[in-house]
Amino acid sequence: MAPKISGRNQLPGRIIELQLGDILAEVSVQVGDQVVDAVITRRSAENLQLKVGDPVTMLIKATEVMVIKDMP
Amino acid sequence: MAPKISGRNQLPGRIIELQLGDILAEVSVQVGDQVVDAVITRRSAENLQLKVGDPVTMLIKATEVMVIKDMP
Amino acid sequence: MAPKISGRNQLPGRIIELQLGDILAEVSVQVGDQVVDAVITRRSAENLQLKVGDPVTMLIKATEVMVIKDMP
Amino acid sequence: MAPKISGRNQLPGRIIELQLGDILAEVSVQVGDQVVDAVITRRSAENLQLKVGDPVTMLIKATEVMVIKDMP
Amino acid sequence: MAPKISGRNQLPGRIIELQLGDILAEVSVQVGDQVVDAVITRRSAENLQLKVGDPVTMLIKATEVMVIKDMP
Amino acid sequence: MAPKISGRNQLPGRIIELQLGDILAEVSVQVGDQVVDAVITRRSAENLQLKVGDPVTMLIKATEVMVIKDMP
């Protein structure tokens, strides 16, 4: 049995930078040619024992994504 | 003068599918090897005259991103 | 290897109602004494083959939660 | 006249832990058998004079909730 | 006793347009010189008996707001 | 060519206060008669060289907005 998540965007990558703050942490992940940043709680970062080099998946709900288009 | 947005994740791609609902629209965009889905208002989709093939940028705030890690 | 998610709130329950719209779906889940509602894409609902009675877990990022307090 | 909020998920509980950071605060609330975590601004935490033991309600918009299901 | 909400942005206005979809509803509110749009569940719109002309308050968590600046 | 963003709420104003934390920053902006607060990453605040007095636009997705109504 494997858990499946409704969040449509699940982008695999590898942690390239990790910054711990007092309450939150910033996690930068290389996803293909792009860097994707997440801000999560420091507790979650510790809980998942995140460290640079870890393979992870970035999870983003489709309702959180905006679209930008260059208009003539 | 060019506008710059605080949202840290700005992923460029091309629309591969567009589905219009009554209030909302679902936009699927090829970003490198990944497909990123956005749910926006139908009005915004019409306002931006989105159509399949359009080059667009997906905008995601870092605080909206979660991290998944396989634990041993 | 089991995947672990940074999202701090993971509330287990059972689906008591499911409503499919054109783009989105509304899922109502009994969590202890409370009902928790999620709005997800219809595609995700179909992808997860959600139906009434299914045991599921509601995932909520801590940054999405507000606090209400009665003030004297 | 009582204010009513569109946010569908309003979970009553009691604060069991409160951590103040420089900009944000983390509030942990016992809701039935579950602990629900909120990250809010430190200013709001001070504004509401939050302290351990306070009865509060956790407010969550349905569009912010994801669903996880174990698949065979 | 009046409830106080941690969400820092509470903008008062009046509903100028209301559109009901199958699952969601779009509510447009005049706030000073600006129009602010909310997408909420249809059930919440019915629950609050929203109609054009109603005085309402738009509630927005500070972590959901991005900043755009014109750069030279 | 000017970029157009799907986010329906774009409120112009001027920064009246800026507070930098370890990971995040809080930006307060006067929008007409209202103050609108944003919490963004510190990096974005530095990247945009935000300072008090700057004219900026606050960007908010409609799905992030809740509605409060006084009920009789």
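Think of it as A, B, C, D, E and F in the order they're written, each chain with its own count starting at 1.
The rule is simple: contacts are C-beta pairs under 8 Å (C-beta built on N, C-alpha and C of every residue); 3 or more make two chains touch, one makes a residue touch a chain.
All figures in this text were calculated on a predicted structure; none of them were measured in a lab.
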Chain at maximum distance from subunit B, centres defined as averaged CA atoms: D
Option reproducing the contacts of A-B, where over half of them reappear, out of B-F, B-C or C-D: C-D
Geometric centre distance via CA averages, subunit F-subunit E, whole Å: 15
Subunit A and subunit D, separation of their C-alpha mean positions in angstrom: 22
Where subunit C and subunit F are represented by their mean Cα positions, the distance between them in whole Å: 28
Whole-Å gap between the CA centroids of subunit A and subunit C: 20
Multi-chain contact sites of subunit D, meaning residues that touch two or more partners: 3-8, 21-22, 24, 26, 37-41, 43-45, 48, 57, 59, 61-64, 66-71
Inter-chain touch pairs (all): A-B, A-C, A-D, A-F, B-C, B-E, B-F, C-D, C-E, D-E, D-F, E-F
Subunit C-facing residues of subunit A, complex: 3-8, 38-41, 43-45, 47-48, 57, 59, 61-63
Complex contacts: residues of subunit A adjacent to subunit B: 5, 7-11, 26-27, 29, 31-34, 36-40, 44-45, 48-50, 54-71
Parts of subunit F lying in touch with subunit A, wherever the complex brings them together: 1-7, 21-24, 41, 43, 59, 61, 63
Subunit D residues within the subunit A interface of the complex: 19, 21-22, 24-26, 37, 39, 63-64, 66-72
